[in-house]
Amino acid sequence: MLSSRMFTTAFRFFAGLAVFSLIAAFAVGLTSETQSLMNRVLGPLTLGWKGGVGNHFAYTIFLGLAVAAAALAGLLIAFRDADPDAEAQIVHMESVPLTRAPSGVNYLPALGALAFVLMLIGLATESGGLTMAAIAVMVVVAFTWTVRTWAERATGDDHTNAELYHRFIDPFRVPVISILVIGLVAIGLSRVLLSVSKIGSVWVFGLVALAFFLIAVLLALKPSSARWVTTAVVVIGAIAIVAAGIAGAVIGEREIEHHGSETHSSEGAVGLHPGDPVEIQGGTSA
Amino acid sequence: MTITSHDNVPTTVLDGAVKDYSRDKVYVLTAIFLAVLTIIEVFTYAAPDFPVWADELLIPVLMILMAVKFFTIIYVFMHLKFDKPILTRIFYMGLVLAVLVYIAMLSTFRIWFDGQHG
Amino acid sequence: MAETLTSRPTLAEADAHQAHAHIDADTNTGISNTKLGMWLFLASECLLFGGLITTYLLYKRPLEGPTPDEIFDIPFTSTSSFVLLMSSLTMVLAVSAIERGEHQRMRVWIGATAALGATFIAGQIYEFTVFVREGLGFTTSRFSSAFYTLTGFHGIHVTIGIIMLVSLVLLSLRGKIPEHKAETVEIVGLYWHFVDVVWVVIFAVVYLIPS
Amino acid sequence: MQRLPKIVRILAVISFTAVVVLFAALIVNSFQNSGKPLTSLAPQGPSAESIQQLLVPVTSIAAIVFVLVLGAIVFITWKFRERTDSDPEEFPSQVHGKTTLEIGWTILPALILAGIAVGTVMTIINLNREEPNSLNVQVAGQQWWWEYKYDLNNDGNFDGPEDVTTATEMVIPAGKPVQVTTTSHDVIHSFWIPGLNGKKDAVPGLRSPLKLQADEPGVFRGQCTEFCGLSHANMRMLVRAVSSSEYDAWVKNQLKDHGADPTDPVAAEGKKVWLSLCAQCHVIDGINDLKMKETPPPLVAGVAPNLTHLMTRGTFAGSIFNLYEPVASDGEALPMSDVAAAGDPGAALTGGKVDTASVNRVTLEAWLRNAPALKPMYPQGGRGMPNLNLTEEQIDQLVAFLETLN
Amino acid sequence: MALTEDRPLALPSGDTDDGYTPTGVFTRPTAETGVRSWFTTVDHKKIGIMYGAAAIFFLIIGGVEALLIRMQLWAPRGSLLSANLYNQVYTMHGTTMVFLVVMPIGAAFANYLIPLQIGARDVAFPRINAFSFWAFLFGGLFLNTSWIMGGGADGGWFMYAPNSGVIFSPTHGIDFWNLGLIITGIASLTGAVNLIVTVLNMRAPGMTLMRMPIFTWMALVSQFLLLFAIPVLTSAQILLMLDRGFDANFFNVQKGANPLLWEHLFWIFGHPEVYLMILPAFGLVSEILPTFARKPIFGYPFIVFSGIAIGFMGWGVWAHHMFVSGIGPISVTAFSLTTMFIAVPTGVKILNWTATMWGGKLRFSSPMLFSIGLVTMFTIGGLSGVMHSVAPMDSQQTDTYFIVAHFHYVLFGGAFFGFMGAFYFYWPKAFGYMLNESLGKANFWLMLLGFNLTFAPMHVLGLQGMSRRIYTYDAGYGFEFWNKVATIGAFTLASSVALFVFNIFYSKSKAKNLPPVGPDPWDSRTIEWMVPSPTPVYNFDPIPTVTRVDDFWYRKYGETKDGKLVRIASTAEVAQQRTDGKGIHLPSPSYWPIVLAFGLPIVGYGLIFSLWLALIGGIIVVGGIYGWVMEPPDDPDAAHDDHGSDAHASDGGDAAVTDSKDAVKEVETVG
């Protein structure tokens, strides 16, 4: 299978680039580091886990380049970029139409920008969580965007392009979206529940569930209503939950009384608790 | 197990019956039934002195309610009632085994007599 | 038990016919492989949850720290039990919808099931947070370890179920769940109901029976 | 290749004969139990005897069943083997089964087993019957030695002032039933004196009963049989059954404490060393027993062997070393002694004078010099006795002090 | 499902440019031959062979560990291994032999033979099958990497708490043990679901349950045992993992934990486990004995039902491993009695096998020799089992070498002898050449000798007081002589295993000059012998219709009224010819099983060393699952009809409803 037709020119270029950047990163790390030889060799090899990498900046640049090039090379080999046969096979046609400019909206730039701003806010307010989350979003955006731009220009046929895109992105997107949905509801709602009183939490909880249920019933009773209605309900619901969650988090948790005061004496075996250090005093050494 | 290899049965018994909502009605009624049972369960907590489940009877009552809910869900929602009996047998194998084995195990801990285990 | 002498060279011909003459049922039992497989899996899950429930029963009286009676918030847990119960209804309605070929309705019901499931998880996060604040950490006592492990494990099952449900909606939107794959919905449904059934047991055994 | 079949035939004959000879030798050997201190086939107390009374018939039944099955198979394989001259198209009669026969050999084993079951149940009842007037001893396992607590006043408490705590060796009166309660301070161990009874696990947090009784005075060896970590192999136990008068004297001595300072100046120095180093783990009644209750030793088990009456024991460190050595002819004791023959404390057992000449100083000093080198232990994890880096002088002083602990 | 396809699909014909897949790694792989094909195969035969090969690899590891044990115990105060190392070696020996040798060999035969014996083309979920294998292999390798990452587990193969806690075993060995066995547990569980569905759903026409070959029956019972036993172990292991990694209190005695909890959970798993190890061997012997006695198995229904009975009763006896743990006399009595009566169904089997040979015309080929070896050696082990079941006797015997003797007699003398016989029996079917008979017989006699020399003395050692799991013993206890004998025996045994390995290569090199073996070299009885040797990828062409037990035999022979056998057709007439397999649709290979399985040990390392690594592993697993689910159901190349629906599905919605009706059966959602 790894026949030579597999390796397109583009793949060779990127693969070569990856290998050379890797070597460069290693060389930079090795030469600019001052520790013992073993650590100088190990450092660049283990990403600085054991040993040092010398000139951090150059090492990172080269390593980043290597990773990026390797990713692109992988992508190219995965989809046989620029191989008309491959595309033809996807559309089940003898040959492929010519490429033309992509169509359709692309919300990724906006999302990326938003994440960037959030990151700045995070940095300014020194909230590590926000910064990390924003960076994560930016990585995802960059990744998706790359795949998408590539896919949009792959062939001249929008269907084919979409199919290519989905083949690649769905195994990542579907679980991520699913987890986001749960995370959103679960975390948002639990913040709200924590901020209201004990009785209130039962009510809020019950009512939210009831609302979900009733909306579903309404939508199900009129399945003919346009798709945008459903979409709108989902979007509004999501926004509401996020907003409520933020509000709940801002208000903070209610006062919760601590129970575990009265400790019953342990009836188990006598002995040390696992965490306690063992100290033995030695005599004068012989 | 009497499985003959040539039963002419369609893959899903529930197939066909296009636009037939009668089963939905059954489901809704079942859900209401389950809800009522759950309310009774909650009442054992809210009104612990109610004669039906006062004192020793509490645990039996709860266990019975639990069992009824359990079997209602697997029979109606999970279609065991409408499906091939072999599915019921397979599931029961696991269920009965689990119940018997774990009860036997708890018995060796003498857990049923208050305060003896530990 | 001896059988009379039979001449059977015709058998080879019979074989040859069989391969082309079609068997009507796909399988010997008339149940699809995936469905049978799911039921087998659920049967084995009984023993997994059984082990955890047994552990809980053995350890439900702690030597130190809060006791179950002190800590449980029955009204709240009752509500969340209701939520999970109703999600079983929406699930079964979704199965029923796809069997009729109503894709949009199926997506709505599945979406509702997922939303209710996520609500349940929210409730569990809330409950755990409150318990921890009240002094019942995971490592506090034998009861706390057993309780969090059992309910947490159930929570993980619910979460996996929700992921499957949302994935179903997304796939359905992409047209990947045509009628002939309606059974996929039913099978995910089986899993979902089973998780619900486990909660029925947990609710009674863990929460309602006083220690 | 041509000659291989013949070799194979010779191999077959050799193997078959060798296996038959092996089995015969094993059967003969299992009747020879002298010189095997751990054998379970030579009971010396009522409990072990009642097990033996079950073992003999059950083993015989098993042997008979095996001989029958094996005999049948040998016979069949001989009688019904394919002969070289037989007609390849000649087939044996095709029997598919015979229900009556099969039901027969379903029921027959069931009946045999029912018989075994009756004997089993009776023996279990017998072994669990409570004996009146028995001596109560709590046996606690820890890594990797045993602690014994005697409830001498029968108040259900093993820690009262009239009670005795000792380690490593258990002294019991011959002819009197002893009700042992097993438990553990760390992991699961198993208490087993094969000559007196079967074993019972020592489970932390659990207390399990075991009945022991020795018919005659003597020394009974045992071995921890539940895997308990690093030195499981080096965790033995020793029961010393003595006449009842000797036992009473032993108890009387055990109730004494060792608060008084030793007269010998070297031993007095040793006591100081002991106080500064050893007392953080070991107890000597009258010296640090009260303090130890406040600051338990840095050990996972929470206890180290009680040394109050160390010299009344014939062995030490999980009974793997002799504390007293029968004096060797050339005066030189081996560092690793032949512990199958347990050391004998002699008069020291009941508080008499310690025969310092026969004390196994070599091993005892080696133990103090570097205990983990003699017995694999894990002192840095709080399990076992550490190497305390003592000087030779300190060791001599300590041994002198320890030798006063009769 | 895909197998009962009504759409005729061709096997990829060899003439197109083989190995070129235009859409790269995101299509299904196609290689049928060559090294790469083994990594992506979903063919039950290849998977079965890989199970066998991996098991023999692990056998050598476990065997070398056994030899180390024996060398250490050669003389009193052996100094080859330190106490610490010895504890790791014997723990890993037990674990390896049980989980990575005997269970997978059972899985190997089940995988290879079940579809052939029931007349199916493959198992129900071919991709899951591949996943099971890879998960087992990676789990096993993961377990063994502990040797180079800080030492193996050191708690004994049943890993009693609290000795398995961090305080008492601070190295990572037990974590490796725990997570490795969770991974192989996942493999076993998915394998069990798969094989049960296969047997229940995919039998050939006429193959009713009571016409199934006995091996299939026994394998079915043992898969049910796996299905229900594995989750019990998993639940216990989850508790252990939480205790070790997250300070839970399940086995923390300070907080009132009860160490017997682990013992119960382990043995509730453990006892069914020992039966699921022996039952496949019982099944194999039930195939071999009638073949070489040239008469039917005596009392087919009794053999089948006693197997089922063993399966059921096996659940009610677990506490016989805990007679002395302090569970109280009533429990002891109850479990003592239930245990004893398990000898009844087992005895039925032994006696029925004996009766099968009675009146037969016995040919002593190597498979037959090993089978007779099983019948006799297992009986010794079984009878010592009955001796343990008498609780008072067990209180003297438990945790001594008497037990070690018992379980090696049942495991080696039972399961392993059966497997050896089956290796010789089925080798021609799987590989197309016979193993050398003379070497085979030599192998048997050497193994019998070595086996008895090794383990028979352990009975006496145990009764005379030698405790198990001791790295050393002292002189003066009378243990020296028999330990030496056992050590000599172990090396004899090793040489017999080596002889087997040699035989494989020797026979293969000689096979070139010999005529090819036909489909039916032993004149056997069941339908797997109808197909050419080695088995073609498509198994049967056409699928046979089955009319009775031993269907193939009765295609060759007829019976007169008085039970006389008459040949009615030559083997060549009734056996199937090798065809080009055109028109038979087979499941396509896939990358995802190995990808998914690869993620599991990474999660394992992550849980031990760094949760970040676990996250990466988790991403591989999740990506693997979704890649799997969304994988094109079939290789587009292999499809004749248009997969057009894929192309215009991207606008979502109900577009795909228009799928053509004849695609309805092309479902392979998870398989």
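Order of writing sets the labels: A, B, C, D and E. Residues in every chain begin at 1.
One rule holds for everything that comes next: a residue touches a chain if its C-beta (ideal position, glycine included) is under 8 Å from a C-beta of that chain, and two chains touch if they have at least 3 such contacts.
Keep in mind that this is a model prediction, so the values were computed, not measured.
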{"item": "Central chain (by mean CA position)", "value": "E"}
{"item": "Result of counting contacting C-beta pairs for B-E and B-C, higher pair", "value": "B-C"}
{"item": "Distance-maximising chain from chain A - centres being C-alpha averages", "value": "D"}
{"item": "Chain separated most widely from chain C, comparing mean CA positions", "value": "D"}
{"item": "Inter-chain centre distance, chain A versus chain B - centres from mean C-alpha coordinates, in Å", "value": "41"}
{"item": "Between chain E and chain B, distance of the C-alpha-averaged centres to the nearest whole Å", "value": "35"}
{"item": "Geometric centre distance via CA averages, chain D-chain A, whole Å", "value": "60"}
{"item": "Chain centre separation in whole Å, for chain C relative to chain A (CA means)", "value": "28"}
{"item": "Contacts with 2+ other chains: residues of chain E", "value": "167, 200, 203, 205, 227-228, 232, 247, 252-253, 255-258, 260, 559, 562-563, 626, 630, 649-650, 653"}
{"item": "Per-residue overlap in chain B, given as positions that touch at least 2 other chains", "value": "3-6, 86, 93-94, 97-98, 101, 105, 109, 117-118"}
{"item": "Numbers and ranges of chain A residues touching at least 2 other chains", "value": "166, 170, 174-175, 227, 266-269, 271-272"}
{"item": "Partner chain E, residues of chain C touching it in the complex", "value": "2-9, 11-12, 14-16, 18-20, 22-23, 26-29, 31-34, 36-37, 40-41, 43-45, 47-48, 50-52, 55, 58-59, 62-64, 101, 103-104, 138-139, 141-142, 144-146, 149, 153, 167, 171, 173-181, 183-184, 187"}
{"item": "Residue numbers on chain B that touch chain E, as the complex places them", "value": "1, 3-6, 86, 93-94, 97-98, 100-101, 104-105, 107-110, 117-118"}
{"item": "In the complex with chain D, residue positions of chain E that touch it", "value": "77, 82-84, 87, 154-156, 160, 162-163, 167-170, 253, 256-260, 293-296, 298-302, 324-326, 329, 332-333, 336-337, 340-341, 343-345, 347-348, 350-352, 354-355, 357-364, 372, 375-376, 379-380, 383-384, 386-387, 390-400, 438-439, 441-442, 445-446, 448-449, 452-453, 456-457, 459-460, 463-478, 482, 485, 557, 559, 562-565, 567"}
{"item": "Partner chain C, residues of chain E touching it in the complex", "value": "1, 4, 6, 124-125, 189, 192-194, 196-197, 200-203, 205, 227-232, 234-236, 238-239, 242, 246-250, 252, 255-258, 261, 265, 541-545, 547-548, 554-555, 558-563, 566, 568-569, 573-574, 626, 629-630, 645, 649-657, 659, 663-665, 667, 669-671"}
{"item": "Complex interface listing, chain D residues touching chain E", "value": "1, 4-5, 7-8, 11-12, 14-16, 18-19, 22-23, 26, 29-30, 33, 35-41, 48, 50-51, 54-55, 58-59, 62, 65-66, 69-70, 72-73, 76-77, 80-82, 86, 89-99, 101-102, 105-106, 109-110, 113, 116-117, 119-121, 123-125, 127-128, 143, 182, 186-188, 190, 192, 194, 197-201, 203-208, 223-234, 300, 320, 336, 338-341, 376, 381, 383"}
